[in-house]
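In the two assemblies presented below, chain A is common to both, partnered first by chain B and then by chain C.
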Partner chain A sequence: MNEAELIRILSSIILQSAPLIIAVSGEIITERAGIVNLSLDGTMLMAAMTGFVIGLKADEAYPGSGVWIGFLAAAAVGALFAFIVAFGSIRLRQSQVAIGFVLTLLGDDLSAFLGQNYTRMPGPLVVRKGIPLLQDIPVLGPIFFDQSIVVYFAFALVIFLWWFLNRTQPGLKLRSAGERPEAAFARGVDVNRVRYLYTIAGGALVGIAGATYSLDVKLGWSDGHIRGFGWIALAIVIFGGWAPIRGMVGAILFGATKTLASILQRSFPEVSVVAFNTLPWLLMILVLLVSSSSLTERLIAIAPGPLRRPLNRFLRVAPPLALGTRFEET
Partner chain B sequence: MSSERTSAQKWMTLGWPLVPVIAAILFTTALLVLFGASPVESFTAMWRGAFGDQSKTLSVLAFWIPLMLASAGLLVTFTAGLWNIGIEGQIVMGAIGASWIALTVQLPAPLQITLELVAAMAAGALWAALSAFLKTRGRVHEIFSGLALNNLAIIFTNYLISGPWQPPEGGTFRGTAPFDPDALLPLFGESRFSPLSLLITVVAFVLVFVALRGTFWGLKLKALGKNAYSAFLLGVSSERETVLAMMFCGALAGLGGAVRVLSWFDSLRQSISGGIGFLALLVVMLATYRIVLVPFIAFFFSAVLNGSITLQLRTQLHSSLGGILTGVMVLFVLLFGDPRVLDIIRRKAKGDDDKTPETTTVEHPADTTVGDIL
Partner chain C sequence: MLKTIARHPYLSRLLDALLPLLATLAALGVGAIMLFLLGANPVEAYTALLEGAFGSQNALADTVVKATPLLLVGLGICIAFRGGVINIGGEGQLIAGAISGTYVGLSFPEQPATVVVPLAMLAGFFAGAIWGGIPGLLKAYYGVNEILSTIMMNQIAVQIMNYLLRGPLIDPEQLTRASRIPETARLARSFDLPRLVPTRLHLGALIAVVLAFLVYVFLWRTTIGYRIRAVGLNPDASKYAGIQVKRYIVLSLLLSGAFAGLAGAIQVYGVHHFMFTDGSAAGFTGSAGFNGIVAALFGKLHPVGTIPASFIFGALLVGANSLQRAMQVPSALITALNGLVVVFVVSSELWSRRIARLRQTGAGAEVDAALLADEFDDDSRAEPVSEVNL
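For the complex of A and B:
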């Protein structure tokens, strides 16, 4: 494998992970505010379909605008699904998990029905556009800076969210709503309003992630086009310890499995292609085991003293304390 | 004044269950209109597809059976507070278990079928046990392990039918060669409905009913589902009950998978479950865990799904319309299932939050646990 090929592979991994990074970031702000939006898989399917179909229609009317209107429509769909979860759990006091799960199935069926006349056809797509100067950096340039604008958006989003969550006042309010809602309420934070806001904002990001698939990474629309990616994103949120940068690392890890599978397939043609399809799902179980099981705790306990703290930080994660619980003003 | 109010309330309580049905029909009607199809024609096509003639009705019944088996299993896991989304994979593994015996063993028909069913139950139960142990030992939430295991089971099926079990004339990626007629469940006439499987389903359902309503085990599961910590203090082993409940459900799901390969089809196919597991989750949610409602809801869902297949054949509209109809219904019940829901909204709007009515009729087990594990 020569250098050019390696760079091509790495750049494809970055492209594959971009939508996952966006979806994971969206779900992170939702869950950090205390709400679980389990509907990701259905939301992303609906958003992918909507983004593609609306984009196609918009392109007919105003050539060149399709992609952006598509993203806008997808974000609206994501926000709507998230609103249903927020409304159902905050105002109507029903189970977030149940509503999210039903929305997952509903989004799947609805996208299949609404998109039935638009399967397997060419449509608008995001143009790849290198960043001047930066794209000329050796090795890093072609991997990171000769991509489409959605990829830049994904990485910018991660940096922004890290800053927003950890260094700003509204970010602190967001976290307080998910960690100690009573204390936040006592300090004058309107907990449920904060939760509505970030559930809907997170949902809009998930919608953009869905459209990123149909408009950039896995072009076009077909039945169950990106089924499964939403669940993978939900698992990455846990593996990523509800933190934007770690979530990004997890997303790249999963983005790499697909590329890795095709390379392994070429290197070991005698192994059935089926074996490589299992990779993301085995990885999903494995990363959740590593981040949650008590075995990891025991392993850390027998590690040499100075290693324990970094290992603990690296391997162990804890959810926001009030995640998935209801908050009632009293 | 007060008597007027109570009679209004009575009407609300009586009429409320109709609201989700109407909402779902309105929603699907809007979709049909959007696609330029006549709603009346489409719903008639669906009705004919479900009950148009004897063979159609028998199809609805044949589809109902694995759905019922899966729903019965889910009643147990939901009672124990478990989100067994892995049920889809358990159905698939059951189908694989039954197919394995059908392809490799040759015995007199009664023995053969018994062995197939036992293998299916074992395969489903073991697949469910994996999910359970990942939860109790690895602290991996059953939603995620179940989902991964579903996909792994489907990939395993594809491997089997394109590899070791491919028909002699070459792999088509569609299914194995048809099993020996002696290996299949005896069918009713020309249909895909097997009376024996109906008997099994009734027995299984009664068993679940009795187990949940009348045994100490059922009580322990209920305790676990309501409040895992109190159950622990009372001496209920959450690991043992979790594993048992999951395996019980897995065994029933596995039976459902066996019914799919041994009567609905005659071989192991690519999408052997056809989403029955997820549909069963919706059935149990719609029933809000009231056991007696489950058979009727399952029958309704089976009719809708079979009808929508005919709809696709007749009008070229995508058959996912059936899934949309059921999905919207369940979503409505989840959101507005409680007749008192209007009170909640009205009070909120007035800002009068002091006396919020308790909304406990629709309880979902995950509420107490999701924060701990997710």
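For the complex of A and C:
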């Protein structure tokens, strides 16, 4: 394998992980505010379908604008699904998990129904645009800075979210709604309004992630196009410990494993394709196992003393304290 | 008006029981609008649906056959949700059960059916138990979120099924025919579950109904069942009461998987008599692993309530097929229609709780209701699924 090939592979890993990064970021802000939006798989399918179909139609009417209108439509679909989750759990006091699950099934079916006449068609495509100067950096340039616009968006989003969550007042309010809603309420935060806001914003991002597939990474629409990626995103949120940067690392690691699996598959045709298809799912279970607390605690306990604190910081992840619970103003 | 009914001891219970049905009707109402917009006559369409589901002896039998896996999976869901764990792995557990059941049947083609068939059912039961038990162990001892791990286990089961059916278990004859859908050889005819000829109704339906009552007895009349429910309602209190919470979390998921696995084996021996795959889970299961969850929610997570719930849902699935044939509407409309029913039924829970609250406001009526209430569904209104931490 020569250098050019390696760079090509690495840049394809980055492109592959971009939509996952966006979806994970969206779900992170939703869950940090205390709401679980389990409908990711259905939402992304619906958004991928809507983004593609609307983009196609818009491109016919106003050539060149299709992609952006498609993204807008997908964000709207994602926001709508998220609104249903928020409304159902906050206003109607239903189980967030039940609503999310039902929406997953509905999104799957509905996208197949509404998109049936648009399968396997060519459509609008996000332009690839290198960033001047940066793209000329050897090795790193072609991997990170000669990419599709969605890649830049994904990374910019992660940096913005890190800053927003950890360094701003609204970010603090968001976290307080997910960690200590009663305390936040006592300090004058309208907890449920905050939760509505970030559930919907997170859902819009998930919608954009769905359209990122159909308009760029996995171009086009077909029935069950990206089935399964929503669940993977949900697992990566846990792996990422509900933090944007770790979530991004998780998404890239997943993209890398998937790419690696398909390369290995080509190199070892005698090994059953099943082994490689099963790999990402097994890996996800393992990842959940490692990032869940009790096993890592034991790991940390056997580590030498000075290593324990950094290990603890790096490995231990805990969900927002009030995640998935209802908040009632009293 | 609602208040008056809610305070009435009998009427309120009746309304409560009928709510899922009313929700289904409301969903069909919305469906009628969709049909109308597609240029089909809703009245004709729903006549076709009812005809297809209940119109003849055969139709009725098909409905029951369709409802059988839903009921079995639903029973498992009742146990899991009552135990405070969420099992979304019905599809994978069903496949695991079907594969093991098929394997037993293919391995002993010459042995008497009275030995092989029960053995195959047991194999299905245990394979499902393993497939559900793994997420249970991960959840109880390592805190791995069971919603996600069961989903992952579904995918793994599908991959294993595809591998086995394309390779080791493929029908030797099919290798020469180069068919697009890989399948196993047909099981010996003597292994077919007894049927109510001339319909497709098979013994599995009866087994499922009997099991429903057994699960009720298990959950409400045995110590283990009591502990499962106690853990589901309040794990902390259960722990201080001396219940080994972790063990019961594993048990709930394990039993839940076992019933789905049994459903898989029964599908093979009662309906298909061989296994096949189109590459996805739904190809073989018909999404029974997911629909069973809906049926259980529909039946208010009560094993006996799940019987009529699966019947209604089965009727909807069968009737929708004949609606599609009769009216030439796109098949995806049918799935969308089913989705609508699910959403409406789940939302109807809201009304159910509102009625319960209204009932509680009238103290006198509450005493009456408490006296009249048999143990049958004494705590079915308590929310069994604890708030989930993802």
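We adopt the following convention: the second predicted complex is superposed on the first by the 329 of 330 C-alpha atoms of A that agree within 3 Å, B and C clash if a C-alpha of one lies under 4 Å from a C-alpha of the other, contacts with A are read in each partner's own complex, and residues count from 1 in each chain.
The working rule: contacts are C-beta pairs under 8 Å (C-beta built on N, C-alpha and C of every residue); 3 or more make two chains touch, one makes a residue touch a chain.
Remember, it's a predicted structure, so these values are computed and weren't measured experimentally.
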Side-by-side fit of chain B and chain C on chain A, or clash: clash
Partner chain in contact with A:L92 - chain B first, chain C second, else both or neither: both
Partner chain(s) touched by A:E328 [first = chain B, second = chain C, both, neither]: first
Contacts of A:L205 with chain B and chain C, given as first, second, both or neither: neither
Which of chain B and chain C A:I285 touches, first, second, both or neither: both
Which superposed partner A:V126 touches (first chain B, second chain C, both, neither): neither
Shared chain A contacts, counted only where both chain B and chain C touch the same residue: 31, 36, 38, 88, 92-99, 101-102, 105-106, 109-110, 112-114, 116, 228, 231, 234-235, 238, 272, 274, 277-278, 281-282, 284-285, 288-289, 292-295, 319, 323-326
Touching residues (chain side chain A, partner chain C) in the complex: 31, 36, 38, 88, 92-99, 101-102, 105-106, 109-110, 112-114, 116, 224, 228, 231, 234-235, 237-238, 272, 274, 277-278, 281-282, 284-285, 288-289, 292-295, 319, 323-326
Of chain C, residues touching chain A in the complex: 86, 88, 138, 141-145, 147-149, 151-153, 155-156, 159-160, 162-163, 167, 280, 290, 293-294, 297, 330, 332-333, 335-336, 338-340, 342-343, 346-347, 349-350, 353, 383, 385, 387-390
Partner chain A, residues of chain B touching it in the complex: 31, 83, 85, 134, 137-141, 143-145, 147-149, 151-152, 155-156, 158-159, 162-163, 278, 281-282, 285, 317-318, 320-321, 323-324, 327-328, 330-331, 334-337, 341, 344-345, 348, 353, 356, 359, 362, 364, 366-367, 370-371, 374
Residues of chain A that touch chain B when the two form their complex: 31, 36, 38, 84, 87-88, 91-99, 101-103, 105-106, 108-110, 112-114, 116, 228, 231, 234-235, 238, 272, 274-275, 277-278, 281-282, 284-285, 288-289, 292-295, 319, 321-326, 328-329
